[in-house]
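Comments concern the structure below.
Read from first to last, the chains carry the letters A, B, C and D; within each, the first residue is number 1.
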């Protein structure tokens, strides 16, 4: 039997298909656009193609993330927090704390026996989210991808006011024109954001193993800064973006098997993918 | 017309058009007095035939006028209240009684008074401790209110009239408590959303009409078949104000809210004014001591010589213990209206207390707009996923 | 001494310096006493109400509000803010409160009651008890109550009545305020006696109260002299000299003499038409807490001819009131404390400005000190010192045609206040002030 | 001949103008990027080239905006508020109120018949009411700014926007998208939210007509319409609204130079 997880995040959409032993049969990633329904269908279709499966081969589909309510073919919607926690515990069975640095928010999750038991979220101020990196990178005229390596070359760290993302843009430009070294500014940016997020994480008593996921986890400089601020080792999944999707698929599998035990048969639901194209104009 | 339907239907109608009845009564020559806070002793208004009308602001109304006098980082509810006043959405009011229950209330009241010209405006000062001299001072403040009310209404506020009014408001309090008895079963017979509609209707009606409405609702709800469905978690919401169904509906999407401990819910009704030889004295001690809002400074014992944190928590939050047990509460939402300092300081201590009771809780902050409910929804769903 | 200051464009008062020195010295003295084991109390600005009691009983008081400012200025606040945040206190709370909550958390939960090694200026020791106040800001007593999470020190919250402008004048109201105040202080005294195991020396309290009142009367007189043109004393001197009167720092006899010296120097300047800045082009009132960390920004404004002639209602001495006929020191103290607000009510009612004790004084200042403009300094995390400012600015314009310039800042996030940005607004604001000078003339306002 | 230049280095865009008397002979706008100094040089070259001048032909230059100090070739710097007032005054002498909608912040300015600033206010830091919000949301909706205005005009029920933060405006838009709210309602909602914030600024300085809107925000027709319905007035818009401040700086440069002569 096969199971799928669809994670429509604020910036990226991810779909995974797994089999009964949690092995990944397909992984699809793409930018999230304004038309989630089409996107979901499109991404699912690609995932099926990659796994050379038909939609009816999938026993259970869980949708998660910002756009979870726009996955017409999903059997169940769950929050990204539960899915992330589950995904992390699949990848790192001994994980107790998961920190996800997403595009629009930052989440910290406590995990016990593979389940989400407590969480904190920052969506109050952008200064504590991945957007802080994107926006300041743009202001500095560099790519998000460069930031990590750049910051590792820093000789010292420039103090960046972590107060506000919008004004941090001006701040970093001012620093540049004051002749501060680019890499030192970038290092300062990482440490400012890491400071915000580790403070958030401390609202939950942090226990090892700590796993970092989301876009922020792909940034080596960010990972280093987080290690320093948290004062502990940090694990990062091979592909930090798909943790939530994996968790969704696995949770789906577990629910499916549970109902199968209780009622003999798994919950079968006739479903069909709507024919979809990316960014089709919705309003003629 | 406000009387073409009854019970929950009527509550719903008044909730969606709160000033409906007030405007009718105004047309009949009655006088309507607005009050922005549950600390205002409305019994004194009722006793003089004045109609107390809770000014709540309107969560759907974007604040535009209040910016003139209040900054952005300020109690959004008070901003909203003042905004409605400055847009003369409450032009049917004959007066306002405001009170120093919190600094935002005080600052707003003073701006409110100087930017508007109601025939009547009174500001009650309110002490912060429950010490005897504080109660005595507060009683004196009510005496001042009595004087200005008498001058405004041209009537004398006799003890018997006041006792009558206290009587019927106490009746209302006990009826509201009886109504909350109906959330004890699982599933509850009445939803948190419906309770908001009822309570807000009560705060828009003369006490007698409110009591009739409660009677109707009670009999309707007792033998209803279309009540809420069982949703697993039974939640208690706690905070300063939760008075809009849009927020409550987010909470109730996957749970049953069985008790709302806020001044849009049970807070104004949980206790009663005690009979006392001096009714003003009775009112003073009820409002200062019995209403459990974070603004009042409580401690285990007056002038305690050593702080015992456990007893401190008991004295501040002890009243929740019984509710949690009797209503079988499985989770608590600590709801903070952004920039509400008295409640913001309370959050970690309340969490300590709930932890000591072994009740899971989550902290949610919102800014009294309907702008972005999705993050709210995610937090609540995730919380429910952790406790289910 | 004034040689090195010579370059500065603000002509500081020499008589201010011993006052400032005295405050620092007092701080160090009490620190020594505390380190030698003398019990200390955590207090907060309470407007001459609880302080004289503690002073008369010779109890050392530390002020977390001031310490929050120090921690911020010395750049150590952030770790305490983060700690308070991690402990679950919402980040939009008062920065000073978050700083000390984080400080207490570190001291009690990590260091078992020891003063954190990184704490600047010797830190704040574990308190014997906390004296909080309901005056001016309700976040403050909730803050001290919240410290109960970390420390077993009991809290006393001082009541502080603040009725409406019209309600204040209802028969008997004032007497009841006095009555509550006296009863409240009586109980407070016995509470303190119980805490320190000593009895109150009532004669000492009596003289302390008298000195407190007299010190503030002279201090008020000094500030009245600033109505002169050009203004002889700049706000910076006010802020440097104020703690001795506001917090009753050090020996009050000394303070009295020092303020008298100050009065003399200011009077000499008035007589010799010496201004606090080289050329006074604009007279301004400053509203509420100054940007402690970048006060030299006032020098830049002084170069442009901006003289700050009056400021900070929250720190001012009360308008003098004759209490010599009041025998009971507790009642004298109570009435003096009430006077801090009440002193303005009569006038406010005459002007029919109902905005309350916090807004009206600025109208009085602008009128009597003949201000061309107001510089408002709203603080992101200090609502009580900020929320009234839009109203103040609206009233100043409505009633007096005096414009305001608002520059955002914060009490702990010092980076928020941007002097450059502020100075960039100076030029257009000067045009604005000149314009409204004309408007006032047309309206028959005489400045 | 007498040519004068004004340079306005903003956080997002840099603008430059060369005038002869009060005539604009050349103007240029570029993204500020991460180096104000470089941006200023690019503008300087582009301007002189377009005007067919050599750099020495420009007698006097005044710089304004957050990067003003980085303009090495400027004679002096001046407050952007004063420059905006002067610029508007020379285009619309009858104007009494100006709304300058920049990328990150918005200013409301009152001026008299001489173009003197008689009052002004700037948007609160955390409610950065600027054109940035529109850019960001347009990006979310995958439409360009023209299309953004076009669809906004179609909306029947614009959404309510809670936050004032440009970045969180983005999250809000995304969540609304995920709730299946039509693009046009989101676009219109953004415009209305921004218009409301701007109008309360304008009310603070006690608006008097005629009222001018300038700055990058004045390029968004839909925003202008939303603001007009909030303020219940018709707004005047300069031909090239985003260069108004630079133009004012150039005018000031001319005045300063002539004052020096006399």
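Convention: a contact is a pair of C-beta atoms (placed from the backbone, for glycine too) under 8 Å apart; a residue touches a chain by one contact, two chains touch by 3 or more.
Bear in mind the structure is a predicted one, so any value in this text is a computation, not a measurement.
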Chain of greatest Cα-centre distance to chain D: B
Rounded Å distance between chain A and chain D, as computed from the means of their C-alpha atoms: 37
Euclidean distance of C-alpha centroids - chain A vs chain C, Å: 49
Centre-of-Cα separation between chain B and chain A, whole angstrom: 40
In chain C, residues with contacts to at least two other chains: 87-88, 380, 390, 416
Shared-contact residues (touching 2 or more other chains) in chain B: 67-68, 71, 73, 365, 374-375
Shared interface positions of chain A, touching two or more other chains: 66, 105, 123-125
Arrangement of touching chains [line / ring / star / complete / other]: complete
Complex contact set, residues of chain B against chain D: 60, 62, 64-65, 67-68, 71-73, 367, 369-372, 374-375
Chain B-facing residues of chain A, complex: 66, 78-82, 105, 115-119, 121, 123-124
Chain C-touching residues of chain A, taken from the complex the two chains share: 124-125, 161, 163, 195, 199-200, 202-203
Sites on chain A touched by chain D in the complex: 8, 10, 32-34, 36-37, 66-70, 104-105, 123, 125-126, 129, 131, 135, 139-141, 164-167, 169-170, 172-174, 176-177, 279, 282-283
Touching residues on chain C, where the partner in the complex is chain B: 87-90, 92-94, 97, 134, 137-139, 141-143, 145-146, 148-149, 151-157, 159, 161-167, 170-173, 176-177, 179-180, 183-184, 187, 190-191, 194-195, 353-356, 358-359, 378, 380, 383-384, 386-391, 394
